[in-house]
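Sharing a structure, written as structure tokens. Questions coming.
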Amino acid sequence: MSTKLEQAVHALKEQIDAPVASFLSSCVHCGMCAQACLFHTETGDPKYTPILKVEPLRRVWQQEYTFWGRMKKMFGLAKPITDEFLAEWEELVYDSCTMCGRCSMVCPVGNDITYMIRKTREGMAVSGHVPDGLVGATTRAVTIGSPMGVKFVALEAQIRHVEKDYGYKVPVDVEGADYLCMLSSMEIMNFPEYIGAIAKIFDHADVSWTLSSKAFEATNSGIQIGVSDIAAELVQRIVSEAERLKVKCVISPECGHAYTAIRWEGPNLAGKKFGFKVRHILEVLDELRQEGRLKTEGMKDNRLTYHDPCQIGRRGGVLEQPRNLINMVASDFVEMPDAGKMNWCCGAGGGVSTNERADEIRLKSFQRKKEQLEAVQAETLVSACSNCRIHIEDGLEAYHMDIPVISLTETLAEHLVDKE
Amino acid sequence: MTNEAFAQFNIQIGDDLTRNVQPLLHEIRHGLKNLLETGATSVIDLRSIPLAPGEEAKLIERLGHGEVTVELDALGLSEIYETQYRGVWLVTHFNDDENIVGRFIEITLIPEILKAQQEDMQDSLQQLEEELASGDDAEEIKTGGEVN
Amino acid sequence: MTELEFLSWVRGPGFQIATVIFVFGIIVRLLEIFLLGRKANLAEANGSEMSGGMRAIFSRMAPESDTMKRSMFTIVAGYIFHIGLFIVIFLFAPHILFFSDVIGFSWGALPTPVVDMTSVITMITLAAVLLHRIKDPVMKYLTKTQDYLVWLVTFLPLLTGYLAFHRVGLPAPSLLALHILSVELLMVLFPFTKLMHAFTFVLSRWYNGAISGYKGVRS
Amino acid sequence: MKKHSTGARLSSSDDTLGAALRRQGVSRRSFLKFCAATASMMALPPTMVPAIAKALESAKRPSVIWLSFQECTGCTESLTRAHTATVESLIFDSISLDYHHTLQAAAGHGAEAAREEAMKENFGKYLLVVDGSIPVADPGYSTIAGISNLDMLMDTAKGAAAIIPVGTCAAYGGIPHADPNPTGAVSVADLIKDKPIINVPGCPPIPVVITGVLTHFLTFGTLPELDDLGRPRAFYGQSIHDRCYRRPFYDKGQFAETFDDEGAKKGWCLYKLGCKGPTSYNACATTKWNDGTSFPIEAGHPCLGCSEPEFWDGGGFYKALSIPTTEVARDALYAGAAAVAAGSALGMMNRARSKQAKSEHEKVSVDDLQKED
């Protein structure tokens, strides 16, 4: 068994491909990515410059995949990759990066830095230099089935509550249903209203759907910590259930990285194309809207704005759908500056919220969101990611702001016309 | 080379080529003003200026020809004349083969070279005296020039 | 070595050496990058890789408004000196002569005073860029020795070219030789430094645009 | 140019130039004219005329020995065709040209005896003019009266007050020195390090430049101010390009592309046709040739840079200065082909390494994430 350091270098070596080599060859050290990163803009600390965070990956690339780097390494001129070096980078790679992808949008030479951070984490994870919070969450996800340690019995209890409160049936393990609806533990534990909203909307639109007792957890700690093997295992649970229940489509819940995990990384982790579609709940709802299957009544008339969760918008491609849906139920919808694909991250994605050590910087970087909200004097904030919601609520409290943060799906459900 | 010669070889002289004429005329104006105000003379050596084909001819044309023209026979011909601008002289030295060996614009009351020189006058005086002295013999008059 | 021998060397063997290293180095590096390849994406596409990639190659020239605001100096100065370099390198008559000799065709030159002025603006901008690199906390933190080296080898051809054109300080053959030598230095260092971005930026932008384009995002 | 019989004027070498001229019946006025022409010739301002007159009056008549080695006699031709014949002849009449084997009547041992006599009489005071380069690969390549050029130069140089290599061959090796230089031709300055040397390069030099330099030495008895290549700054201080009347076209970017295009007819800049004006220092653009008629660029031909060292090997007379002298396209093509091979090999190696790394992948489980090693 090789040492953790050797494993780390090996893992990084596996990750390097043509895009990485191209990106690392192109960087001109212009510093523009720093201006796109809220960890830098809100702290002013240059060490948070995004491109620097991929230094471990860069060194491995240079020493393993470039002729001159190999020469330098041979003559002992290359900067070594040591345990201390990786230890120093742990905070940069995990605590101060949410993989929001904003830096990838501004790089003048076109470097997708986020793409490289994701890969860098593959090495960091096995090196042992990884936040305890993430290790814990990942361990729980694999052993218990959910990063928060939520078991099906807990979900069952919530389902019962919801069925009682909302009066709709919540189908579980229904074979042949069109949609398999995934949830995040946060929704189960913090926002069970989401389950009620789904039940109400799908009943309203006559959608055939189900939950699965074996795979209800959509989040994927393997992606956040950066272990593809674990991520693949977690994805595989969903794939197996989707195949067992013969659904046509798997719905990713109001969670950012879950969407990336199952929609974009999923097939690549599983090593095959899926026999079913994967859609975000907002995509499904917008499809229903287009088909005229959603009938709403009443409008929210307070000033409402939408926070684009990074993994759903910028990194996911779901940008228009939420706006279409909001316009059905809000009369005073305003966009924050930089909304859409250039939106600023809430500051808690990419595993940062799971990492208690990062609490301080997470709240500090929230200033960015605060300024965005103040710029439009929003009275209500709507979003589509439980993780964003929890952190934004946390941040608003810390900055003594009183803006309710609501779920788009839930808001839509509230405005549905009662079925005759 | 004259402008006619250029025309003969189908060489075109654009107006934009002749950039030296105007500045030179300005320099001459300065020199003339200076001469009037302080009495200081000045000389422009046309050979030290990178003139484009036809520029010298153009300058001379602009200067025109005034009242005084002098020919000098000293180691070849020299042609000196006052231009239409009084006090501005064009001095051209030729050698025996009638090639120009120097061309100057002098701004002065009278070009230095026209004045009789001390040494020459002394020589002449001596020569005249000798001639008068030998005039008594009166056979043959030897003309000066060859001193040795 | 007399200065004309020096000039002969830089125009002859020196340029040969520089050309070989330049061309060889760049092609090797591009192949090193390109041949690494990447995995096929198995996820269902929500857009076109190709159009996203092609789009990004050009769209990255127009920064978003927030980026513009936050990195105003870098962007504006970057624009000026890149365009300046382009004009000075490719639109100066003697340079075009060089290119037409090498590649067999030529194009129109800009009037020399325009190029002259451009080179001054470019040098001033590069000086400002250097100052920014030294002063700005992020730039300072990012900067490695190579960044200064690359700055220098980019600046030197401009400076020596300017001096050679105006014939300042040294006899003309020496100035011309120094100018060509500085260009050779640039060519030799090119494949081993971040100067490679002049070629790889196309690849990088394409990959970036393709990754996003596949997901239906215009990056 | 007078042909001198051997040693005829050696006795009068102590005369001053002023006395010599007066003896010839040159009037003061003629002398002033001569001085004005001389100042112009030496590229000195007209205000220097009185000083020149004064200096010339008291200048001593030096003895001059002229040695011709590997040369084409073009330099001598240039000098004897000097258009200011009268003025120059004045100077040459007043110098004591004691040895010039091309021009002198005597030949063979008689001539050599004259040289030796002149050397002995004026040891340490005579001017040595040299045209042609000196072969050192084998002294037998060029001999005069059985004496090799090298020996003759070294011998004659010993007693010289100063040496004036005339023409590019003597100054820098010139055409005999051009690649592959079969005779091992070298310049005077390559061989002699302990004497003042005033190079008067050009192929040939402008006649008045030759006489101008001689006159300067004669007039002031000092060496003129020299540039790095040992040339008098008065004549070689500025490049052809700097003094070229076609310079405005260069600045405007208007170039003749061929010898018969519209640009050529309009007299545009000849840079693209290979003009070496920017790197060549000479007085052609102002002094001009043939009675001040014209100079090569005025005649529509690019400057060859004949007053510069290595001008013959400078990479083609018709190749623009900014173009490398070697075949860059060919080099680039070869380098490119080699790079495709090498790059493919390295690229495939990279690929293999990446593949190998993936194949050696050890599956990571949650146990591996625990902190204990």
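So that you can tell them apart, the chains are marked A, B, C and D in the order they are listed, and the count of residues begins at 1 in each.
Definition applied: contacts are C-beta pairs under 8 Å (C-beta built on N, C-alpha and C of every residue); 3 or more make two chains touch, one makes a residue touch a chain.
Bear in mind that the values here come from a model prediction, so they are computed numbers and not experimental data.
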{"item": "Path length in the contact graph (chain A to chain B, fewest steps)", "value": "2"}
{"item": "Chain located farthest away, centre of chain D as origin (C-alpha)", "value": "A"}
{"item": "Geometric centre: closest chain by C-alpha means", "value": "C"}
{"item": "C-D or B-D, whichever has more C-beta pairs in contact", "value": "C-D"}
{"item": "Length of the line joining the C-alpha centres of chain C and chain D, rounded to whole Å", "value": "40"}
{"item": "Intercentroid distance (Cα basis), chain D paired with chain B, Å", "value": "33"}
{"item": "Chain A-chain C separation of Cα centroids, rounded to whole Å", "value": "37"}
{"item": "For chain A paired with chain D, centre-to-centre distance based on mean C-alpha positions, whole Å", "value": "77"}
{"item": "Where chain A touches two or more other chains at once, by residue number", "value": "16-17, 65, 67"}
{"item": "Junction residues of chain D - those touching two or more other chains", "value": "346, 350, 354"}
{"item": "Multi-chain contact sites of chain B, meaning residues that touch two or more partners", "value": "none"}
{"item": "Pairs of chains in contact (touch as defined earlier), listed by label", "value": "A-C, A-D, B-D, C-D"}
{"item": "Touching residues on chain C, where the partner in the complex is chain A", "value": "28-29, 32-39, 41-44, 46-47, 56-57, 60, 63-64, 66-67, 70-71, 74-75, 78, 136-144, 147, 192, 194, 196-197, 200-201, 203-209, 211-212, 215-219"}
{"item": "Contact footprint of chain D on chain A as seen in their complex", "value": "2-4, 7, 10-11, 13-14, 16-17, 64-65, 67, 125-126, 128, 130, 132, 135, 138-139, 142-143, 225, 227-230"}
{"item": "Interface residues, chain B side, partner chain D - complex", "value": "1, 10-14, 16-17, 19, 43-45, 47-53, 55, 72, 74-76, 78, 91, 93, 95-97, 99-102, 104, 112-113, 116-120, 123, 145-148"}
{"item": "Residue numbers on chain C that touch chain D, as the complex places them", "value": "2-5, 7-8, 11-13, 15-16, 19-32, 34-37, 93-95, 97-98, 101-104, 109-113, 167, 171-173, 176, 180"}
{"item": "Residues of chain A defined as touching chain C within the complex", "value": "16-23, 25-32, 34-36, 40-41, 44, 46-47, 49, 51-52, 65-68, 104-112, 115, 263-268, 270-274, 277-278, 313-317, 319, 337-338, 341-342"}
